[in-house]
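The data blocks that follow each hold one structure.
Two complexes are shown next, each including chain A; its partner changes from chain B in the first to chain C in the second.
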Partner chain A sequence: MSETDWPLFEVFIRSRSGLEHKHVGSLHAADARMAVEHARDVYTRRQEGVSIWVVRSADIIASDPAEADSLFEPARDKVYRHPTFYAIPDEVKNL
Partner chain B sequence: MSAVAEPGARSDPTLETARLRYVLRLADTSLVLGQRLGEWVGHAPALEEDLGLANLALDLIGQARLLLGYAAELEGRGRDEDALAYLRDAPEFLNLTLAEQPNGDFADTVVRQWLIDAWQLEIYGGLAGSSDERLAAIAAKSLKETSYHYRFSSGWLTRLGDGTEESHARTQRSLATLWRFTGELFAPDEVDERMSAAGIAPALPEAGGRWQERIAADLRRATLQCPASHPYPWHGKRGVHTEHLGHLLAEMQHLQRTYPGARW
Partner chain C sequence: MYTQALDSQGRDLVAAPPGEAAASAAFQARIDADEKVEPKDWMPEAYRQTLIRQISQHAHSEIVGMLPEGNWITRAPSLRRKAVLIAKVQDEGGHGMYLYSAAETLGISRSQMVEQLLSGAAKYSSIFNYPTLTWADVGAIGWLVDGAAIMNQIPICRCSYGPYARAMVRICKEESFHQRQGFEIMLTLAQGTEAQRAMAQDALNRWWWPSIMMFGPSDVDSKHTAQSMRWKIKRFSNDELRQRFIDITVPQAQFLKLTIPDPQLRWDEATQHFRIGPIDWSEFQAVLQGNGPCNRERIEARRAAHRAGAWVREAAAAHAAKHSGREGAQA
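Right, the complex of A and B next:
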C-alpha cells in the first residue's frame, strides 16, 4: 500500500447553492486534482454536493487544544453576547 | 419517445437488423468494461481508488442497462435486459475486443480505460445528435459520465507516464500490449456504414481522426511514446473474441446459469 505516501487532504462540500461549504472528512491523494476526484467519488455519491473544496491538511493552522482554556473560557460568562434579549419580529425568518 | 411504437417508420428490416447490432455493440462494450472494473473492488491500490473505479463501473453498467433495454425492444423476442446480459454466450457478445482485456496491473487498467473513454467521447458525442431519439437521449446522459471517466483516466495516464521510472516503464508496456486492439475502434464495417448513412451514428473515420489527435496530445503530456506497431483489426464487435471474454462471462453469468431466474 502506497496510500501512506500520499498527503492528507481535508474535504469541504457545499450541499446546494447559497449555502456554505462544510467540512465532511478527509482523504489521501497524490495531488490536488486527484484530491478533488477522490472527494467527488467518496463524498458526493449520493448527491451530497454541488461544489467541492479540498485543502492540504498540513496547510491548516489549528488552535492548540492545550490553550482551550485561555481561548474559549473567557466567553463563557458573557451571556449578554447572545442575541436572546431582543424581541424578534415574526416576519424575520432567519436570524 | 422510441419510434418502435410507429410501425410504418421502421419498415426496412436490414436497417433494423443493423440498428440492433449497433446498439448491442455499445451496450456490450459498456457492460464488459463495467464488469472488468468491478473486479477491482477490494483490490485497488488505495481505498479512494477502489471507490473511484467502482463508480466508473456503475456508470458503465447503468449505460449498459439503458442500451440493453433498448436492444431488447428492438429485438422484440421477449428477452429483457437481464436475459441479454446473463444468458447470451460469448459469440453473441458484440463488445470491442479492447474492453474484455484483463485488468492486469493498474497501468493496464488505466490505459484500457483511457483508450475507451476517448472512444466513447467521440461516439456518444456524435450520437447525441442522432436521428434515433432514444439513442440520442442515452448518449447525452452517458456523455456526462464519460467526460468524468476521461478526466479520471487521462489524469492517471499523465501521473503514471510522467511519474517514476517504474510507472513510466509499466505504462509504456501497457500501451504496447493494448495498442493492437485499437484498430477495431474506428474501422467501419457494414453496420457502422449503414448507421452513419442513416444519420443514426457518427461517421467513424472522422471520429477516428479526432480520437487520434486527442490520444497523441495526451501521450505527449504523459511523456509516453505512441506504439509503432500497426493495430490488428480484431473483430469483437462481430462476436469474434479473445479467450478472456469467456472467463469474464463465466463469472458474471454464473449465478443466473446455475439458478435460472434467481432473484433477491
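Right, the complex of A and C next:
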C-alpha cells in the first residue's frame, strides 16, 4: 500500500451571484475536472454554491507567517488612511 | 459523526524540548490570547502530533461510521427513510473528507492515514464496533450516537487550530439533521405497534451504555485532558460533556416512554443533574483493544473497499496523465 496520493486541490465556492468565491477546504483529485466534481459532492451537498473554483495547492504562492511582521509593517503607522483619524466638528454634516 | 475523547488514547506528552522553551511560551501566549493557529505557523511538535492523532482518528471514525448505518440502506422501511439514510451516510463520508484534509495541513499524507486505518494501527471511535441488528438501531444511532457526537464536537468548533475548527463548524451544521432523523425514527417506533415499541426499547438497551462511553474515560483516568485544555484543543472534560448529554437525553427518553437501561438512574435534586449507575469500563477497554463485536469486520470492510477501488484509482490516474497536456492548454 505505497500508493501516491492524487494531487491536492484548494476549493473556492461562490455561495451566490454577487458574492466572491471563498476558500472552503481542499481535496484530492486525479485532474481538474474530477476536482470540480468532487468539490460539488464534498462541499455543496446542501446547495452551498453556484460556482466552484479549484486550483492545485502546489500552485499557490503564500506569504510566510514568520515574516508577517515585516511584510505588513508599512501599513502599521498610517492611521491617517482611516476616516476616524480626522477631527471634524459635530455641527458639520455629511462629511 | 464523531470523536470520542480521542485525546485519551495516545502517549503522555512531553515538556518543550530544550531550545524551544521561548518559542513554546510565545505559542502558549498566542493560545491564551485566543488567537488561532494556522498551518504554516510555528507550533510545538507535541501540539502538531496531538492534533494529527486526534483529527485523523476523528476522520477514521467518520469513515468507519458509514458501515453500521450503511448496513440498513437496502432495507430501509420506506423510500423517504432510504433517501434520508443515504444522505446521512454520504454526509459522514464528507465529514471524513473535511477532516482528512484538515489533518493533511499538519504534514501527514492522506495515504499514510489510510494505511494507518487499514493496518489497524489507527484508532477510531469504539461505538462503531457494535452491530446494527434492527432498523431501530438506525434510529438509536442518530438519536444517541450523533447526539453524543454533537455534544463532543460543538466545543471543537472553537479549537485553537484553524483548519480543524473550520471543519467542525461545517460538520456541526450538517450533524443536526442526523440527530433529528434518528429521534424521529425512535418516535415513530415508540408510537407504533407493541412489536415496534419493543424494537425501539431493545435498541435503546443496546446503544445507551456504548453512547455514554463515547465521551471517553472518566476525568480521573484521562491523562491528556489538562494539556489539551491548555492548548485549547479541548474545552470541556469528558465527564462534563457526558453529564450534559445525560441531562439532555434522559427527558427525551421519557418523552418516548422508553426506559433507560440503568436501574440506578435518578434525578439528583441537590445538583439538578441526573445521576447514572457505574459504567462498565472493562467493556470499553475491550472494544478499544479490538475485541468488540465488530472490530475485525469493520476493518475488513474498509480493506475490501480499498482493494476493490484500486482499479478505479489507477484508471483515473492514467486518464489524468494522458490528458495532462490538454488540460494545461485549456485554462
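Here, the second predicted complex is superposed on the first by the 78 of 95 C-alpha atoms of A that agree within 3 Å, B and C clash if a C-alpha of one lies under 4 Å from a C-alpha of the other, contacts with A are read in each partner's own complex, and residues count from 1 in each chain.
We take it that a residue touches a chain if its C-beta (ideal position, glycine included) is under 8 Å from a C-beta of that chain, and two chains touch if they have at least 3 such contacts.
Keep in mind the model is a prediction, meaning the values are calculated, not measured.
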Partner chain in contact with A:Ser15 - chain B first, chain C second, else both or neither: neither
If touched residues of chain A are counted for chain B and for chain C, the larger one: C
Which superposed partner A:Val42 touches (first chain B, second chain C, both, neither): both
Touched partner set for A:Ala32, first chain B, second chain C, both or neither: second
Touched partner set for A:Ala62, first chain B, second chain C, both or neither: second
Touching partner for A:Trp6 - first (chain B), second (chain C), both, neither: both
Set of chain A residues, in rising order, touched by both chain B and chain C: 1-3, 6, 27-28, 30-31, 33-34, 41-42, 45
Contact set on chain A toward chain C in their complex: 1-6, 8, 24-28, 30-34, 41-42, 45-46, 62, 64-66
Residues of chain A touching chain B in the complex: 1-3, 6, 27-31, 33-34, 37-38, 40-42, 45
Contact set on chain B toward chain A in their complex: 45-49, 51-52, 55, 148, 151-152, 155, 159
Chain A-touching residues of chain C, taken from the complex the two chains share: 38, 40-42, 87, 90-91, 94, 97-98, 101-102, 104, 109-111, 114-115, 118, 166-167, 170, 174, 306, 313, 316-317, 319-320, 323-324, 327
